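Just below sit the structures, each encoded as structure tokens.
Across the two complexes that follow, subunit A remains constant while its partner is subunit B and subsequently subunit C.
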Partner chain A sequence: MALSPQELVDTLAGLSLFADLSRPQLEQVAHKMTEESYPVGQRILRQGFTGTGFYVILDGEVAVRIDGDERARLQKGDFFGEMSILLGEPPVADVVTTRQLHVLHLGGPELEGFLRDHPPIMYRMLKTVAMRLRNASQLRS
Partner chain B sequence: MPESSDRPFPPGDYPVVVVGSGPGGLQASYYLRHLGIDHAVISADSSAGGMFRRFPFFQRLLSWTKPYGPVPRDDRFYEWYDWNSLLAEEPASKAIMPGLMDGTSSFPSRPEMELNLATFAERTGLSVRYDCSWEQTRRDGERFVLQTSDGEYRGQVVIFAVGIAEPYKPDTPGFEHVAHYVDTRSPESYAGKRLFIVGKENSGFELATGLLQWAQRIVLCSPRPAKLSVNTHSLLGVRARYIQPVEDQILGGGVFMLNASINRIDRLGNGFRIMCSRSEGGAELAIDADEVIAATGFVCPLRDLADIGVSMFGRSQLPSMTNHWESATAPGVYFAGTIGQGVSGMKKYGLPANSGAVHGARYNARTLVYHVAQKHFNVELPKPMVEPSRLVDTLLEEATRAPELWNQKSYLARSFLLNPSTGILDEGVVPLADFVDTEGPAAVAIAVETDDTGDIHPAVYVREERRPAVETLLSSQAMHDFRTAEHRAQLSSLLSGVTAGAVK
Partner chain C sequence: MTSALGRVPLFEGVSEESMERLVAVTGEMEFEPGQFVVLQGQVGTGLYVIVGGSVRVVRGTEEIARLGPNDFFGELSVIDQMPRNASVQAIEPTRCLALASWDLLDLLESDAKLSLNLIRGLAARVRGQGELHHH
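Let's turn to the complex of A and B:
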């Protein structure tokens, strides 16, 4: 579904990652990131490949797979790709579309500057990563 | 088969219908005919050229053609030096652009580009039914039906090459009173004016550059800072030809670049007052200007295609597509030309392909047609055998010289099937994202890539049978010549271990 620029900003305002931003900041985020669309069955992140990006799901669904085993499903408002960029390493998982996907994309080299420009996004991202870590620890114990 | 008349392609039923007579439509038609696939080409325009019949506004392109390359102009490798000619198989129709340039710039003028495209259509004998407007679309069983100003066209496959051509302005209050880029007047009419340009992409900077000598003051405004191509290591961002306003701003020379979102635009006497909020800090700002131009881009004129199931996304209302530029939601509907930029491909390090420019779109169109021919018309494309002893050298030759790989970095790749029983088969140029995600037969593909430091190097993707492809980056080389002993050794070692004996 094609969103008008205003509808896109409204959509971003409803996502928890961007919940602390003002309207002008949301507009800037909408201009800094690029909207992309992917058909079902395409890999967005590829295990072991260089040069990956950061993605925020606007609509659709992806599966996270490691060596072919599905580990999670991500949907609207979820994000992925940040771990490999922050660590400077290729992704350890494939992220594959299970429904047609509409995302916002930011190139890997831009993520650090983006987070420094928008500390509230960094804080929200940190909280989500902490929750993922906690859940992973609980699964192991 | 429809009856012939004075104008080509009368309404009727065709295997393929192509809509558009810009570079994308002409290139698709050329290769359809080359493969013997009957088709109609219709266009609302009265002559070939698409957007180049009118734009860029200041009449000079952003894409180079270097007349004096290191190889003859009819050599395939010359295409890397000529971003503006369409592709052809016969020497007389190749590299038309350099022969039409007047020698004043490596960037052709708009009239030269328009003539280039018209000459291509003429030399190749391509036919187009001009002044035939596509108006409505529907399905009838397995056919698509295009209602046009001349009647109904039916096709098993339709290829829309209609550009990202419809001017777009935001619905923010007041934009209805201001001009769009396409409404820009003659430069001298801006003499002494305070000009406010909305947008910091190439079209905004093109106007700012051209009007520097006329305007009293120029403000460029959008929510985020301008990106410059020299910093992004790609064509993403403002091109070098248009960065004079950046220097003027740095020197305090009457150019201002604001990072702000516009809340509304009010009329103020004969001029305007633009009410903005700064992106950093949110402070309110009121700027008065005599003229406002919205360099806010264009959208795809896809009419009612949503009604037949074509889903769209993004600011430009691009169709959602597969890696072969087929609608992801309406199979049989394809998109050639600049609309192809809706297919992101690998987008490594965030760098887009050049699908929005002729030098990328022409290869996409050829690859698209080859795919259509195989998928819909059972055309067997030749896959020449390659001697195993030649594979490594062939791959490195492609990485060093192939215009497809250099113009569409990390997007198009050269693929070879590796079959121990039948040998090595040249699969030609393929979309890289499709290659690495298809768990098909054993194969190797090579692409050219740029990383975040601007380093350019080959990337090799090896796919074992029914396994995902594995990436290996080769080293860069100071003169971009990868045909070295070091590269040969690296690639030979890589291939000998993983190709089921196809490469010794």
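Let's turn to the complex of A and C:
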């Protein structure tokens, strides 16, 4: 179910993480990242294990589970995997597909350079991480 | 002041040009023991880096953290422009470098390394919160 380059760029243009990018920049992103598909029930990130990547969801859904407890569901436009890459630590959650999943994947070692090349993506990511921190704080209080 | 900023992990690896801009827009503030640096519920206007002394971070009536030299706080409200989610109170005489929101946002746009450092700092806090949540 791979998309044509044209369709892929159109899809990316609709995701908030890439909202500030020009058409040529979206084409660069589409070129840099790899399209992948996973069936339902597949574990994509494994809690406590290294060997990761950065994933942006194009279609489908995943559950985020810590010690078996579901903490969140992520859908089209959401992304995951960046925290453990940036911190250089194993994932603290399992990420498991709950619907057939279509993602863009970037290898862990490439993420930092990718973000440096695309400051608007980094800034959007910064806002998302800030929001997660707020949500985590609210859970606690 | 450049050397004080250079020791702060948040500014590690940031270009010399950005550091010069940073120094030009950074102010120094002193706080007495018991004095509040930021108040929960207020809209944030800046980020603070502790040069000397120590502070407690309080949410509601609960102390959630203590911070000391080279630690920073206040960045969350700058990034998402929501009210402060905690108060910060000086424990002893404390000296901070203060960076206004608009200057920080300018720097974040122009210096990718600073954004990366900030994401790392935030990500580490999200993880820290998760761990606290388990207890």
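The criterion applied here is as follows: the second predicted complex is superposed on the first by the 139 of 141 C-alpha atoms of A that agree within 3 Å, B and C clash if a C-alpha of one lies under 4 Å from a C-alpha of the other, contacts with A are read in each partner's own complex, and residues count from 1 in each chain.
Rule of thumb we're sticking to: contacts are C-beta pairs under 8 Å (C-beta built on N, C-alpha and C of every residue); 3 or more make two chains touch, one makes a residue touch a chain.
The structure displayed is predicted, hence computed values, not measured ones.
The superposition on subunit A brings subunit B alongside subunit C with room for both. When the two structures are aligned on the shared chain, A:Ala2 is found in touch with subunit B, with no touch to subunit C. Ranking subunit B and subunit C by residues of subunit A touched puts B first. Contacts of A:Glu35 after superposition on the shared chain: subunit B is touched, whereas subunit C is not.
In the superposition on chain A, A:Ala13 makes contact with neither subunit B nor subunit C.
In the superposition on chain A, contact is made by A:Arg43 with subunit B only, not with subunit C.
Legend: residue contacts after superposition of the two complexes on their common chain; A:Ala130 is shown touching subunit C, with no touch to subunit B. Contact with subunit C, but none with subunit B, is seen for A:Leu115 once the two complexes are overlaid on the shared chain. Applying the stated contact rule after C-alpha superposition, one finds that A:Leu86 touches subunit C and leaves subunit B untouched. Angle at subunit A (Cα centre) between the Cα centres of subunit B and subunit C in the superposed arrangement: 140°, in steps of 10. After superposing the two complexes on chain A, the shortest C-alpha to C-alpha distance between subunit B and subunit C comes to 15 Å. Interface residues of subunit C facing subunit A in the complex, by the touch rule stated above, are 59-60, 62, 64, 75-76, 79-80, 82, 85-86, 108-109, 112-113, 115-116, 118-120, 122-127, 129-130, 132-133. Subunit A makes touch with subunit B in their complex at residues 1-6, 8, 22-25, 27-28, 30-32, 34-43, 46-53, 94, 100, 102, 105-110.
Against subunit A, in their complex, subunit B makes its touches with residues 170-172, 222-224, 259-261, 277-279, 282, 311-315, 317-318, 320-323, 328-329, 342, 344, 346-351, 410, 433, 436-437, 449, 451-452, 468, 470-471, 473. Of all residues in subunit A, those touching subunit C in their complex are 66, 82-83, 86-87, 89, 92, 112, 115-116, 119, 122-123, 125-127, 129-134, 136-141.
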